[in-house]
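What follows is a set of structures to go through.
Both complexes shown next keep chain A, but they swap its partner, so chain B is in the first and chain C is in the second.
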Partner chain A sequence: MSGKTPLIRLQAVSKSFGPVHANRDISLDIEEGRILALLGENGAGKSTLMSILAGQLQPDAGTIFHDGAPIELTSTDKAITAGIGMVYQHFKLVEAMTVAENIQLGHGGGMWLNWAEINDEVRELAAFYGMKVDPGARIADLSMGEKQQVEILKLLHRRSRVLIFDEPTAVLTPSEADNLFATMKLMVGQGKAIVFISHKLEEVMAIADNIVILRRGEVVDRVAAAAVASTVELAERMVGREVLLEVDRQAVEPRQIVLKVEKVAGDGLQAIDMEVRQGEILGIVGVAGNGQKPLVEMVCGLHRPPAGSIRLLGMEWRKFFADQKWDLALSYIPEDRQGLATCRNLDLVDNFLLTTRGGFVRGPWLQRRQAEEKAKRLIDEFDIRPPNPQALAWQLSGGNLQKMVLAREFYRKPRLIVAEQPTQGLDIAATEDVWRLLLEAREQAGILLVTGDLAEALALSDRIAVMFEGRIVATFAIDDREHVARIPQMMAGLEITA
Partner chain B sequence: MELAIIVPLLAAAVQSGTPILYATLGEIVTEKSGVLNLGVEGVMILGTLTAFVVALTTGSPVLAFVAAGVAGTLAAAIHGMVCLWFRGNQVVSGLALTILGTGLADYLGNAYVGRTAPGFSPVALPLLSEIPIVGPIFFNHDPLVYLTYGLPPLIWYGLMRTRPGLCLRAAGEYPAAATAAGLDVAAYRWFGILGGGFLMGLGGAYLSLSYTHLWTNNLTGGRGWIAVALVIFAFWRPGRAVFGAYLFGGIMALQLRLQASGTQLPSSLLLMLPYALTVIVLVLSSWRRGASEAPAALGVNMEPAD
Partner chain C sequence: MFRVRITRRQEPRGWSSWFVLGAAVALSLVLSGVLLSLRDISPLTGLAVLFKGAYGSRFAIEDCLIKAIPIFLCSLGVAVAFRLQIWNIGAEGQFALGAVGATWVALTFPELPGPILLPAMILMAALAGGLWGMVPALLRQRLQTNEIIVTLMMNYIAILFLDYLVYGVWKDPTSYGFPMTSEFPPQAVVGKIGSTSVNWGLGHCLVLGTVVWVFIRFTRIGFELRAAGDSVRAARYAGIPYDRLVVLVMVISGALAGWAGFLEASATINRLQPSIMVGYGYTAIVVAWLARLNPLTIAIASFLLAGLRVGVENLQLDLQVPAAFGGILEGLILLTVLAGGLFTSYRLSVRRS
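Up next, the complex of A and B:
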């Protein structure tokens, strides 16, 4: 990189949570007047890296240099003093306060607040960066784009030199996003350094000077944006070429259709058609945020499909969820295993009963002792640690909790399984366990696998469907090597006709 | 003729409203920092007893007044320890504090029941007390009442126009934002709890130093609870708290006068009046917009992960 001393330099920074390496050996330079994009899928370690820079997490190893001198960012306060500012995805704004009050918050200075003077100052600063913000407006009355401008003004007002944006366009309308990019250009023109965290390829291409790609906690690639020919190349670099290899696995004869989706639209989806048969895994791949979430929520009955039809096990959507049985039906393994799949303060037996209680009732009574015996057996069978049915959900590691969720869901002998990012945040051993379990479950069930990890999709799926902007761009068998090789292009929105 | 009845009644309203005003302002400061302290009643009564005992032993009402504030601060510190150090439930801790405070005051004050102590007496302010109607209502009281005339603007100014006040409000609205701005949320909450406790203690002191000059059990008589309700009625604003406190003071004074006048109404019904009004006021203010005016993080403890 350039000869100048970078404002912030990370050298071999590592951070682990238990056996999971969230960041491993990360080195990068943040330079004045440059926009550095951090690109990577969910769970690639972007947020961890960001929290380290914001002083919220301490690295296990490695050094951070500030203007060439080593610095320890042991608190938010220290990071702020070092001139590092963060625009969070979930704004840290006090809704009941005014714009000016939020900007003054945590700002050093005298005891007394002269609002007239402060308002003028804010107005001036906003105008300089081409923002239209009324200092006296209450945050609660602002749009998302305006709130984000307040966040930026907060940082500019305290003269931050490094501004870190965490997926800043996720909450913006396209025109607001354009405004943001214009402001970002202006800021780097003023000599600020910007870190832009995103998984949106076009945006990264449009705005970044340098691109660093993270995968599974490691820097896998670093390029100058000018040297990247297209979003396709970027997608290839993000996904990694090596995973596009054939994976050896046994096929199961597909049987009857367990999920049929026809012309489902709305909520960002457009004319989705697909079917899943018992005995196969359909892997849905694509960059996060291209419609996977609404699709899963509709299939699992959380939201009614606005248009089109979904048939599960041959039954119409409404009827299926109206009298859903606890077994031989649908199992949902959500991405958010701590929130949606389990209750953190309940023990494993109660968590086991959350979806299986239908099998342990006699009249109005719950047969808890039988459930406990069953849970104990599953804990042994799935090797869940600690092997104690009285353990509370939050005491389990991510991998063990996920195995517990799988054990519970497979106990219901589902005929359709929807698995969403099933191995996100798990270490390698746990990932392999989960993969093995899913492949075994395929004997009895059809599986809809939604994953951001292409390697996972390729290792498990019988067929692949690629999603982009709410559509399924293509569906093909795993042994169709021609199509498989072109997945990155399709993820980037090219070759819609394929 | 009518003025001769109404003016003394309003003067009495100011007087009985004063202890409630101290306590309400204290609770506003505490709640603005995001901590719900339901222990007002207990904190107040400990202030009442402390003031009485100190006045009795030293003969100095001023010293007694300050001592009551300190006692209130210490009592509130118990709440702070439970909520800020151990992240205990704020509602439970507050209720426990009320039970502890009233019980402790009854126990420790047993020896003093019926005794009298020196206190403050009304001082007519020169010139101001000469003003017709307003003079006798507002400017013919003891010094502790005059002190409350300055408090609400001072607290308002402190909360709205100073940097620490801004930070304290942020701690009560959205601690995560305050933390992200590099602020020590716990420190501001401690300030809110202790400062609020000081004011509650002063409110208690008024009861044994000015309102009466003697000690009996249950001298606060639910005024702490009224203060808790008044905070909601006041939409957490010091200015509206003055209005609310005098309204309740007026009802209490009216109720006493009606009893004295030998009305046909049963006295138990009259005694109930202020509390019935509390319920009505609470219903009305939450019906209007009370809930949306509350500090957003009121009653929510900070978790280490925040």
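Up next, the complex of A and C:
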């Protein structure tokens, strides 16, 4: 680290949510005129760290220094005053108002605003940083790239010195992304500090000065971008090599095919072929955003595959989802527990019934009392807290809610399980429980495991498929050491010719 | 300087939420008292006249019950749709169509005996109201239209259609030019309970209210409604046929409003005429919100808001307060109760800064 006092320094910052360490002992420097990339999978603690810097969350421990002096960012106002600004993935703009009005919003000022002057200021600022934004244009008429420029102008106009970008290229076209990078370079040239959060390896390599890699809430690596030889090396550093937890995994004889995907394409996917047999776990690994989401949504019936065929339990996709049985079929354990797998304002019994209701029906009637008995037993068995079936879903912590979802889904005795980031946000003990459950479930089910945590994929999978840019670049058995060793290369998109 | 922090409550309020409700209603009464005093009427006298007019005599209470019947049925239907977060504000139009459907049966088959004629009228009323409610549901699915706007617009179509019938083809030739159909045959009229002036529609309310309550609470579809009303995404995830539920709730909603239209035409005015439309369908929305979509509390709120209508008539006679005062009071109650929701679901803490 350079001798200069960094603009912002985090020292041993920690933040826990219940038993989960979202951030643990994080120390890093945000320096003037430098771009710092924060790299890590979903759930690695990036967004918690950002929220701390933005004054939305208070750390449990650790200190934040601003220009060398300790500062407490107890509110978003304080963070703004300290010159910290965020460009969120989902823009915070008023669509019906103009560019200049959005930039002026929240600025205070007197009763009367001199719009001519504000417009001039905005125009000058935009021109200086090479942006082509008309201050009088309505936000609703702008492209995503232009809206993002407005967000940046908002920060520049209030003289933010630290600009934090949360996956800024996710919504941009490639040429808009190039423009953004050019603007970023200009801004650091003016002495701004930039934090760039992404999991796109090439972008990080192209733009960052320093790279900090987070995994499971901790800084696992910090390196100067110049010292990284290739995206492959970066991928290796990101996924790590050591397996954190060992589980006792005995092979189960694979039996009939429960999922067969043939030539599925569209929505960013290209000619996906794969099959899952009862008795095995197929782990899909890859950097997030390489097609895992659309693939899972098609397999689980949320979206019709635009091309190709998906067969579940021997049935055609359309037929399978037209009259899906509640048990002995498909269980989907989604990444989004709060929004997709549960109803936040319903109690645990109702949430238990959400996918198991088919088992508690007599004629038109729902046998809620029986369901409550079952739910109580599962709450006990899975140690869900609070152990109260009348608790509403939103009152549970993420880990407990996940246990509730798992309890429910295993209760259905599925024959195909799609588990998406099943241990994200769970503490170690809960993670081990989930792993044990998934391994046990192989007796009766085939499991498609989609995870960003390579350690998890290696610990559980019988076979691994690596996804990159909507394709499955390779599928191999877990004891194929040669391939396993090259997973990082494949995740970074390098063709393997071995 | 004081700063108020608003945070979401972790535990919902228990009994004290009733206190908030009471305070909200009290505040709306105070505000309407201010309105009365602007007309140089003592607020206390005014409110006393209002309450005495509404609940001060057997005749008044019977009148309240008569008016509560259509409000209750419309509100029951609206509440079913609201559960799914489908904002049906078309009870007024569905009510009109129900009255039209029932009238068509009564005028076309006047010779049928009561036990056949009345069920046929009910069926036709529910069918007409239900189909009228189904249209916005289908438009919403096929063309992504907003059901709030469509149901509202369709109210005007329905009311004008009713007008067209009573001013034209259905006009009673002996009515001296008044826009009304001829009176229903006696067997097409729902009778009164004992010696009271309240009709047996009250019994219909009791049965239908129970049926809806049982349906929402104990059936599989009722559960699916509650789940999908909380989260459409979770419903799709769980394989709940959301689109079909939207159609279903709109049909149920419309059928109940149509049933109310039948009762009003048959029991209260014994014929079809434009004065059947007095805004019960809109009051029903207020009632459903006040009652938090629960059938039992809908019954209570229907009775109270019916009382408001009856009481205002008294206020008009005794103190020459315009009839619009009733609408104002109704709106004030809704606003204050909605605003009171802030205190039930959020915690406010005041800090010195």
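Convention: the second predicted complex is superposed on the first by the 488 of 498 C-alpha atoms of A that agree within 3 Å, B and C clash if a C-alpha of one lies under 4 Å from a C-alpha of the other, contacts with A are read in each partner's own complex, and residues count from 1 in each chain.
Definition applied: a contact is a pair of C-beta atoms (placed from the backbone, for glycine too) under 8 Å apart; a residue touches a chain by one contact, two chains touch by 3 or more.
Quick caveat: nothing in here was measured; it's all calculated off a predicted structure.
Undergrad: After the chain A overlay, clash or fit between chain B and chain C?
TA: clash
Undergrad: Please indicate which partner A:W112 is in contact with in the superposed arrangement: first for chain B, second for chain C, both, or neither.
TA: Touch status of A:W112: first partner only.
Undergrad: In the overlay, answer first, second, both or neither for which of chain B and chain C A:K92 touches.
TA: The answer is first: A:K92 touches chain B but not chain C.
Undergrad: Name the contact category of A:V361: first (chain B only), second (chain C only), both, or neither.
TA: second
Undergrad: Regarding the shared-chain residue A:L346, is it in contact with chain B (first), chain C (second), both, or neither?
TA: After superposition on chain A, A:L346 lies in contact with chain C alone.
Undergrad: Looking at the overlay, what does A:L302 touch: chain B (first), chain C (second), both, or neither?
TA: It touches chain C, and chain B stays clear.
Undergrad: Chain B: which of 1-9, 109-117 or 181-189 bumps into chain C?
TA: In the superposed model, chain B runs into chain C at 109-117.
Undergrad: Residues on chain A in contact with chain B in one complex and with chain C in the other?
TA: none
Undergrad: Within their complex, state which residues of chain B touch chain A.
TA: Those residues of chain B that touch chain A are 161-164, 166-167, 169-170, 173-174, 176-183, 295-296.
Undergrad: Show which residues of chain A lie in contact with chain B when the two form their complex.
TA: On the chain A side, the touching residues are 54, 75-77, 80-81, 86, 88, 92-97, 101-102, 104-107, 109-113, 115, 154.
Undergrad: Any idea which chain A residues touch chain C in the complex?
TA: 301-302, 321, 324, 332, 334, 339-346, 350, 353-355, 357, 361, 364-366, 368, 395
Undergrad: Mind listing the chain C positions that touch chain A in their complex?
TA: So the residues of chain C in touch with chain A come to 10, 218-224, 226-227, 230-231, 233-234, 236-239.
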